[in-house]
Every structure is written in structure tokens, then in C-alpha cells.
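The letters A, B, C, D, E and F name the chains in turn, as written, and every chain counts its residues from 1.
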Amino acid sequence: MTTRSDGRALDELRDVTITRGWLDHAEGSVLVSFGRTRVLVAASVTEGVPRWRKGSGLGWVTAEYAMLPRATHDRSQRESVKGKLGGRTHEISRLVGRSLRAVVDHQALGENTIMVDCDVLQADGGTRTAAITGAYVAMADAVSWLRERNLLDGEPLTDSVSAVSVGLVGGTPMLDLCYTEDSSADTDMNIVMSGDGRFIEVQGTAEQEPFDRSLLNDLLDLGEVGCSRLTEMQKQVLAEPKQ
Amino acid sequence: MTTRSDGRALDELRDVTITRGWLDHAEGSVLVSFGRTRVLVAASVTEGVPRWRKGSGLGWVTAEYAMLPRATHDRSQRESVKGKLGGRTHEISRLVGRSLRAVVDHQALGENTIMVDCDVLQADGGTRTAAITGAYVAMADAVSWLRERNLLDGEPLTDSVSAVSVGLVGGTPMLDLCYTEDSSADTDMNIVMSGDGRFIEVQGTAEQEPFDRSLLNDLLDLGEVGCSRLTEMQKQVLAEPKQ
Amino acid sequence: MTTRSDGRALDELRDVTITRGWLDHAEGSVLVSFGRTRVLVAASVTEGVPRWRKGSGLGWVTAEYAMLPRATHDRSQRESVKGKLGGRTHEISRLVGRSLRAVVDHQALGENTIMVDCDVLQADGGTRTAAITGAYVAMADAVSWLRERNLLDGEPLTDSVSAVSVGLVGGTPMLDLCYTEDSSADTDMNIVMSGDGRFIEVQGTAEQEPFDRSLLNDLLDLGEVGCSRLTEMQKQVLAEPKQ
Amino acid sequence: MTTRSDGRALDELRDVTITRGWLDHAEGSVLVSFGRTRVLVAASVTEGVPRWRKGSGLGWVTAEYAMLPRATHDRSQRESVKGKLGGRTHEISRLVGRSLRAVVDHQALGENTIMVDCDVLQADGGTRTAAITGAYVAMADAVSWLRERNLLDGEPLTDSVSAVSVGLVGGTPMLDLCYTEDSSADTDMNIVMSGDGRFIEVQGTAEQEPFDRSLLNDLLDLGEVGCSRLTEMQKQVLAEPKQ
Amino acid sequence: MTTRSDGRALDELRDVTITRGWLDHAEGSVLVSFGRTRVLVAASVTEGVPRWRKGSGLGWVTAEYAMLPRATHDRSQRESVKGKLGGRTHEISRLVGRSLRAVVDHQALGENTIMVDCDVLQADGGTRTAAITGAYVAMADAVSWLRERNLLDGEPLTDSVSAVSVGLVGGTPMLDLCYTEDSSADTDMNIVMSGDGRFIEVQGTAEQEPFDRSLLNDLLDLGEVGCSRLTEMQKQVLAEPKQ
Amino acid sequence: MTTRSDGRALDELRDVTITRGWLDHAEGSVLVSFGRTRVLVAASVTEGVPRWRKGSGLGWVTAEYAMLPRATHDRSQRESVKGKLGGRTHEISRLVGRSLRAVVDHQALGENTIMVDCDVLQADGGTRTAAITGAYVAMADAVSWLRERNLLDGEPLTDSVSAVSVGLVGGTPMLDLCYTEDSSADTDMNIVMSGDGRFIEVQGTAEQEPFDRSLLNDLLDLGEVGCSRLTEMQKQVLAEPKQ
């Protein structure tokens, strides 16, 4: 039987915690951890929408993802000091934004903008999936903030969204890879799903060998298991009163 | 029966042409068109590898993707004038590079670098998949150039690589979307496959509604069909002598 | 008798081709080649003018010049990746814009803007002169596009404009230098002329030795010959119906 | 008697907490809070020093300060997205670095570099003084890390360093201003002191009215009180074993 | 008795000259020299204020500081070529702006902006203090220019402002350090004062050893002496008619 | 008879002054004025050459041109603040560098670099020609500095270089245009000549109407007159001992 470096079963998530209201100023905020990966998510509400959307009656949700320089084992240079965003940062920011928008009814949101900042305080694999999973909760709190102020035209959230990574490590499909697993994976896949169990994003990459259809199916199965558990946790945490 | 705007069958590619040797200076070059989408690909060989790879005995393949300002219906601003690369440019450049590297034996390449430039001269949907499909052919010619000069340590190409887009348009899965189809698609997926029919990248995005497992399977089926035909064309075009 | 590397006479242009309508989206477009130098020119029309010109009743014509990374013998780094435009790019963009504006009646153009993009696909000397010569034709087609839509207040083109390089190579004045000639020239001059044989720009540079007045006159004579032939070709190509 | 908005005495610090070892990867790390101001400090050790210091036998300590976008009441734009550092960021980074170096014996540090990252997670006034106070503790842990590996040439820390803000609010000198106090202060002063009670930096600014010598003395008195208490807390927290 | 490298007494300023009207176009301009330090100051008036201040009825004064590349012993790279401002430039620009605003009644200035450019032509220590001292005079001339055109709502200058550096060199407090003194100083302090002898900014930095309260007092005493003399010179030079 | 706005004859230069040694640190420096145009030129010597020229035994001369923000009638934004160089700045920097190199024997210069900074303190037309004319003198002093230290392999200056503008204003050719004349000129030409009366650069631009060969000849005649006088002045000023 295959054992993982941290003793988890192949289809087992790491310890996941989602702490709401971690920040005092943000309309919604969450400190989310997937094992040692820790992401601080702040959802900021502003009235109005970007210029290109004005007068449409539609709201807007967008996201920015970044990493603190010492989130990683070796310190990386600040992108603000370099003066430009790296490709990875761009790519993940766009992924988080798209994932959130997939469960938003922009009509019901009205001309309001929710900007979701995901800042990785510590990275141990799966930062983008932790960010998406936490971002949904922070967005939900930001939506509540809007609702309490009667600023909505209906229910803007059509479903929840969660995300998890799966991968092929040493020939074995595994759920929710930590950094050590991720860096030795042959195939790496990020799966973003809605609360009702459908796919929002599927991004699979062969790091070494191309993968066949049967392996792809195994990985999708694992992803469905993981997202379904995360959906459950999101429901529980949102059922509690915000501190 | 569903008909497409340009009369194609649902599982039909657009007219694909791959013209080798379009440039005089580049070690490999291709003008590739998928219908009205036209991409100029140049594969440039340089001896040596980036600093972080020196002394490893391994080669390096990387790619940059860009669009001419008037490739699109409306002119877009040059990224060189803006002073920074957009997220989309970064994302596609990284995708093209990863896709090519998946069929490269870096040991056999030796400490040589192949830089593949994909410049979209005209865009009508599917620019990234046309770029990958053409880039493989340009890379193959660059590898021949190295082989003729006895600069290789073996056969660096372990397989071919091709790519195609598939999507759900008006509820119907379709192959190789043109711009009109792409901009109204509910779900959009890019599939990159090796010549032996395995997956290198699978990137599916729900633009409107999340999609279920069954639709995902339909789209993967279509992608397999498309990539298999493109693989065939690549073989034919590479079987001809380079002009 | 002096022979040139490619067998041309001293006052002979390279093969010049101007293909109109190379792009589907642009209001005017041309693929122009001077020998192996190939420039793709797109003239884009937008209603309205830059802010500083609003309400003046005057139109605006401007240009941007750029080179694909593998246009040259050795690949050069993308300016979009470097994050800034080089001095040479700036200088040529400004030259092309000024040259076109010299034959434009901005009153007759009305408050419309024509942006002319000149992208060098392959460089073998004389890219800026090929760009200007092709840009005039693309601009003429863009003007026709405006005329067909009754968007003009008269005839905006007061004349045609063409350009050619001349230089002193190995002590001998020559017309339309290719890269090999250009890189060994003592003196290099770019001449931009109107269709009626007057000067729009004269830019002569002593690369090695300063040059005297008599040589300057010889070079101007050659330039007049070259521009006059290019003017003729522009007329012919514009006389044909646009494809 | 003057009361402060949060009920503190005029010479009273806010609740200060210093949590060591908040990050798993960094050689030294601290989550420091001055009331609702929370700064995450990571001290990263690298062998070697910047190029201009190589071969000197001397170490180097430097710092970078930044704020998460939603640290503040209203979200501020990321400096990485803007593509440049603001003046305030530069200024505080330099201040933190200078303050730390004032208590470092670079000879004893040997050719090692300690880079101290101070990232403000939440801002409520006094972020730079909290950063300096926490940074000393993180640096001390990084020094211990070096000592445990026998990488030092002696004791690099000649003393401790702490910092506090003082200001004139509504005509009254106060210690450790929160945001509300700070934004209405007439005079604002940041004081950085060594553990033995001497000054490392004194930066006083008249926000409204110039201030006279007598008021300057009152503010310096308050600053001495505050830094002396912070020095005490630093000692206590460093006396505990690192978790 | 301590002698200084240039024979000055410890509390003696260098030769200070302030030449008004050095530029033809600027509304106020000054060439100010403190010994060999020479700063060209231009105060530019524009009607209106930055967007964030519009409609407030208040004016705005701001400053930019820069150094010519060969102002220093060794040439430094241009910040325009580097593409970003250094931290020191930012810091001094902000200091000059704050110092000037401390003596401005923005109500009386009305919705006008005075932008003060301080360009160091030659640097020999004390460039920021020379800049502030000269900037006040240039600003006063710009205010006169506004008064002559009846564009003011009262007297915008509530006082004058001057600045001087003091420092501890070889254990001895000295006034107005030249470059040689500055670069060997243990403690370096810049003092900005209003004409009536109060403090606007006090910025003291321990370059080597922390400094105690008694030394701080000595340095403040010296600063008061220096600023008082500079105030006197400013009065004299402004009493003369502008050339 | 045509009179000019400032009473000059058509072929008359403005008052030209060239003050050597204006800066204390630079190896060569000049404050040059052409009427109200004032340019500060600093020639900086460094041992060694740029990387691409190392080991060639050849020296290098290059130049940078810039304008202070308030050199002009209306303040312009700093290029360092904008974060990029404008096209005009690039273009003139390149022109100045090329012009100087045309009279330099790089072999005789040995592996030394002369960097010439031309900073326009005040602009009233002809800033680039004043810069070139002054830059030659500053470069000559920098060469003397090298000669005095026995760092040369011969005489690096093969001739002198000067520059002047000519133009067609109101139908009349004129020498050395001031700003008012320049901004209303139909044709504007900058002429750079060697001391022996040959051309180094000829840059003529039709601002309104194209110009014919005969007018071009008239302008070249005027340019020869102007450069010849400037050459004389350069000789005189260099004959005097450097202050």
C-alpha cells in the first residue's frame, strides 16, 4: 500500500481551516490554511464598476493573487521591487477571478465591485486552490455586507465554489498535493468545482510524461471527492455567525 | 441538424495550412493558418542554455507568444508601448513552452536552446492552438538544423505535439472554434496532445455555466479527433523536403 | 566597373512588391518587400482624434514601427519583454508618422485618426524606407475606406510619399542598400520624397568619414531616381482594384 | 483631564504582542501587533553579501517594508500592479534597514546577509514603529540560527532596537498614536532607540504648525518612555524558548 | 582647537549665494549655492489644483528633487534611463514639499498649484538643505507673480523656511557639513525651521553609534544658529528687486 | 528686406558663449549658450569600455541628452517620474553620440569611455545643436585630462565638430532658429559638420510643405556658414587655458 510523506491516505485532504473575519477593515476576510499553506483573503467592496461596465447594471468580481517574499523556502524577490508581475502571478489571479465569477449573478450584484485579494503568507503547495476555496467564503461575507446595507438587486451567489489539486506522484494519483509531492509530480491538475458538483475549471499539465484518458479520469474522480468535502466545510463555516 | 456559421461539421477543423521555411534567417520557421487565423512561428537556435541550467548537459526549449496590434478586429495597443506584458500573453507563452517541452528529451538536445516565437499576424479564434501546432513543425526544423551540424547527443524529439480548441456553443460541442463561435461559447477548452494520443494539457473553462462530467467527456472526445488529424498533417508537411 | 553583391546596377532598386489587402480586419493593409526585407503594414481607422486635437476639426495620422524578434539574423529581445522601446524604434516610428503627415490635408481628413502599424517580419536593410513606401499605399486604402463611408470632408491626400536609402559603399554611391551593403557603408542616407519630386525628409549620417558637399549631391541624385521609380509602382498598384 | 479615544493614558502604549516563529520557513519571524496594527516580519538569512561588499569580511542587514492592499480602511492599489514603489514605501524600508544596522556589528556577522521583510497585514497607525520593534526580534532569531550553525565570527548584535511614535494631538503630547490620532496630529514624530536608551533616529514633522523646542523636548521624553517599555518586552519575549 | 578641512569655525556656514531669476521662463527661480553645492530651483505656477483637491478652494505646493548625473564625484546613472526613481530621490522630494507647505496658507493661495523643481547641478553635501533654502525664495517669487496678476485670495506665505545640516564629525558637532565631513559623520541631522525659529522637520540619524540626549541638544542648538542666519539671507535677497 | 524677430541678419548666429570648467568634478564640462538656450555639458571619463567592446583595444564615446522640467515655457513632466524616455530624448541622445564619434579615433582613445551628458537648463530653440557644439569642447577637455595622465595611445580627436540649425521661416531661409522661429518654420534642418567643412549629419524635415532641391541647397549653404563660425569659436575657447 502506498503511503504519503505525511501519512495521509491518497484521497485525503490536508487539515483545512477557514477563519472568517481575520481583518478588521475588509468587508469579507478569511485566513485559510491547507496544511502549512496559509492564504490571507480580503474581499473589498466598492460601489460602482470599472469604466467599461458602467451603466450596464451589472456588477464585477475580480481577484489579485500574490505571495509574500518569504512565503517560500527560499526568499523570492518582490514583484513590486522588480517592477512587474510574473507570468505565474498573472495566471493565478486570472484563474481566481474567473472561478469566482462562475458562481456570481452580476445582475443581482448590481453595479458594485468585489475585489478579492489573496496573499499567500506561507506556501506549501496548493496555494491557488486554497486561495479559491477561501475566496468564496470571503466573497460570501462581502455579499452579506452588501445585503445588510440593501445594496443588492437579488441573490448574487448562484452556488459556492471550491478548488483542489490532484496529481500523479510516483505513478499514483493523489489528492491535495503538498509542496514535496507537487514538485515531484508527473502530472499536476487543478480542479475548480461548483457546489453542485460541476466543473468550473479543469487544468491538467503533464510535467514529465503525457497522460492517457484513463489516468485523466482517475484524477477527475479524486478532484470530485476533494471539492465535495471542501464544499461541505465552506457550508459549515458560513453557517456560523461571523465573529 | 446544427449547422455552423461557416458550414463546417461539428467535428470538422477549419482549413489548416502549414508553410515551412517562411523566414530566411530562422533555423526553423512556419506560417500556420487555421482558417483566417495566421501565426508566424520562428524557432531560433542558440548554443548554450540559460545561466540556471549551465553545466547540466541539458538543453532548453521556451516560447514567446504575441499579437500584432491589428491582428484583431479592433486595433489593440502594443505591449511594448504599454511597457508591460498582459496576463493573457504571459499565460499563452507559458502554455506553448510547456507543450513543446513535453515532447523534448533535454538530454539529447544537449546544451542548446531553442526559442520559439509565435507572432499572431491575424486572429480569428484558436491562436494558441495554431501556435502550438505550428511551433512543433518549426521546432522540428530547428532540430534538423542542429542535427545537420552534428550538435545533438541523440534524438531530442520524443513525439510530436498538436493542439486544438473545443467548446460548447449554443448547447452543442464543436471542434476548432472560430472567433464568432468562441466569443459565444459557454465552455471553452484547449487540448494539447502528443502524437501517440495522450494528453499534455487540458484547460477547460466554464465561461457561463459550470459543465458536468458527461459534457467534459464529449469535449475530450472531440479534442482527440482534432489533434489526431493535426498530427497527420504535421507528419505530411514534415515529410516534404524543406524549401 | 563596380558590381554589387547581388549583381544589381548602382542605381537599381531591389525587387519591390506591394501586396494590398493582406489582412482581413484592417481598413488598409499591405505586405511590402524590398528584396528580402518584408514589412507588414496595417492602417487602422478610428473615428475621433486624440484628446489634444479634439474639436479642432482636424484629423490625425500617426505610425508605429516594430520588428519581430527573429526578423534579423540573430534573434533580438522583444521590446514588450524588456518593458521599454529602444531609441531606434522610437526614431523610426516618428519618421514614418512625419513622412505620412507631410502629404495629408488634416482638414479634409476630418476628425478621424489613421494609425499605421509597420511590423518588420524580415529585415535585410532598408526596413524604414520599405515601411514608408508601403505605409502610403495602406493609408491610401484606409482613406478609400473612409471615402466609401462618406466620412471625409474632401481629399485628404495631397500627394504620395515614398522613401529609399542611398549610401556610400566602398567609395561608391549606391541605391537601396541591402543589409550587407548597409553594414559596410561609410555614409548612409534615407530620403523621403513626395510624388511630385520634392523632399520630405533627408537624413544623412557619416558612419565613418564625414562626407563633402559633392558626395551629398550624388547621393541626393540617386535618391531622386529611386523615389521616382517607387512613386510609379505605388501608382500602378493603387490603380488595380483592391482584392 | 484629556482622555484618548481608546481610553489610554497619554503615555500609555497600545497592547503590544510579539509572536515568534509565526512562519515555518524563515530563519526568524514575528507577528507583531501594536493594538490593531499587525505586521508580519520575516528575517531571511543568505550566505554571502551583495556584490559591492564582497571580500570585505563584513555582513549586511537590509529591510523591505510593504502593505497588503486591504491593510487600510480603503483598499489601495498594489505596488506590484502599479509597477513601481511609492515614495512612502521606499522611505520606510530605508528607515527600518538603517535602524537595524545601527545595532549590528557587521564584522561579527561575517559575510552573511539578513534580509528583513516587514509586511503590514493590518494598519492602524504606527506601522513603521511596530515593524522596527518586531524586526529586531526576528533578526535576533535569525542571528541565533546562524550561531547554532557556527556561521558567526562573534556577537553581531551590539544592542536591541525599538521604535515608537509620539505626537501632538489637539495640543496634547501623546504616545503611540493610533490611526485616528495620527491623522489629526499637529506634529508627528517617530523615535528609534537602542536598548541602552540612546537615539538611533529622530524624525519629527510639523503637519500643521511648526513646533518649538519645548514641545520637541516633551515629545522626546514620551518617546524615551515608550521605547524603554518596548525594550523590556523584547527582552521578555526573547527570553522564552522559540516555539 | 578643532579645525575643519576648509578652515571654517564649527558653527560657520559655507559661502551661501542665492541668485534670483536665473531662468527666463519660470515664475520663480533661484540658483542657490552652499559652498560648492549648487542647486537650480524653478517654481512653476499653474492655475488649478490636482484632481483630488478640486473644488476645495485650497491651493497646492509640491516639489521634485533630482540630481544631474555628473553632479557627484563619480557619474551616477540617470533615473530616467533606469526607468524608476530611487528611494533617496523620493524621500528628499517629499521632504522639500512638506517643508514648503508648512509655511503656506493654502486658502490664501486659492486653487493654484506651485510645483518646485530642485535640480542639483553640483553636489558637495547638504543638497537637500540648500534646495529647501533656495526653494523658499523661488516660491516667494512665484507668489509675487501670482499677486501681480491678482490671482491670490490673501497672503499665502505665513512665514519663511530654511534648512541646514548638522552633524557629529570625529566627536565634534559641526554646522553645514560638506561632502567630506558628511561622509565621515557619526550622526547626521537635517533641520528645517520656520523664520520665527520653530521646527518644521528634525531628522537625525545615527550613522555609526546611537547618540544621547545631550548631543541631540547640541546639534539642535547648532541648527538653530544656522537656520537663523539663512533666514536673514533670504530676507535680504528678497528685499532686492528681482532682476 | 526681411527682419527677424530679434533683429538678427538671416545668416547671423545668436550670441554664443562657451564657458569651460563649469563643474568641479567632471573631467570636461561646459556651459554653452546659443542666445537664451543654455545647456550644461559634462564629459565623464571612466577607464574601461562597455562589455561588448572589451578586449578590442578601442575606446567608446556616447552621450545622453535631457531637459530639466522647467527648461521650457510650460513645465514638462520629468522622464524619471514618467518612468520612460520619450522618443525625442532618445533621438537626440543618439544624434549627439554619433556626431562626437565621427571625429574620434577609438584606437587612439584606448579602452577608455567618455560619457557626455547634455542637460538643457533653458530651451529657446536649437538645444541639440548647442549641445553638440558644447559637447565637443567638453570632450576635448576630457581628452586633455586623459593625456595629462598618459592614458592615451595617440591623438583621439581627428577633427572638431559643431552643429547649427537652419530653416525656412515665412518663405525665407534663416540660420540658428530661436524657439519662435522654429515653431513657425516650414522646413527645419539640423546640420552637423566637422572642422574641415564636411558633413557628419544632415537632417532636414518638411514640417508643412515638401521642399525642393534648390531650397535644400540654400539651407546647406547657410549651415556651412554657421558651422564654420562655431568651429572658429571652439578653437578660440580651447586656446585659452582651462580655468
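We take it that a residue touches a chain if its C-beta (ideal position, glycine included) is under 8 Å from a C-beta of that chain, and two chains touch if they have at least 3 such contacts.
Chains and their UniProt names: A, B, C, D, E, F = Ribonuclease PH.
A quick note: this is a predicted structure, and the numbers were derived from the prediction, not measured.
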Subject >> Any chain that touches subunit D (Ribonuclease PH) and subunit C (Ribonuclease PH) >> reply: none
Original post:
Computing the C-alpha centre of each chain, which chain sits at the greatest distance from subunit B (Ribonuclease PH)?
Top reply: E
Subject >> Gap in Å, rounded to a whole number, between the CA centres of subunit C (Ribonuclease PH) and subunit B (Ribonuclease PH) >> reply: 33
Original post:
Which integer distance in Å separates the CA centroid of subunit B (Ribonuclease PH) from that of subunit F (Ribonuclease PH)?
Top reply: 51
Original post:
In angstrom, rounded to a whole number, how far apart do the mean CA points of subunit B (Ribonuclease PH) and subunit E (Ribonuclease PH) lie?
Top reply: 59
**OP:** Give the residues of subunit D (Ribonuclease PH) that touch two or more other chains, as numbers and ranges in rising order.
**Re:** 83-85
**OP:** Output the circular ordering of the chains, read from subunit B (Ribonuclease PH) in the direction of subunit C (Ribonuclease PH).
**Re:** B, C, F, E, D, A
Original post:
What residues on subunit B (Ribonuclease PH) touch subunit A (Ribonuclease PH), complex-wise?
Top reply: 84-88, 90-91, 93-94, 98, 102, 159, 189, 193-194, 196-206, 209-213, 216, 220, 224
**OP:** Report the residues of subunit A (Ribonuclease PH) in contact with subunit D (Ribonuclease PH) in the complex, numbered from low to high.
**Re:** 23-26, 29, 36, 40, 42, 44, 46, 64, 66, 68-73, 75, 78-85, 89, 115, 117, 119, 121-122, 124
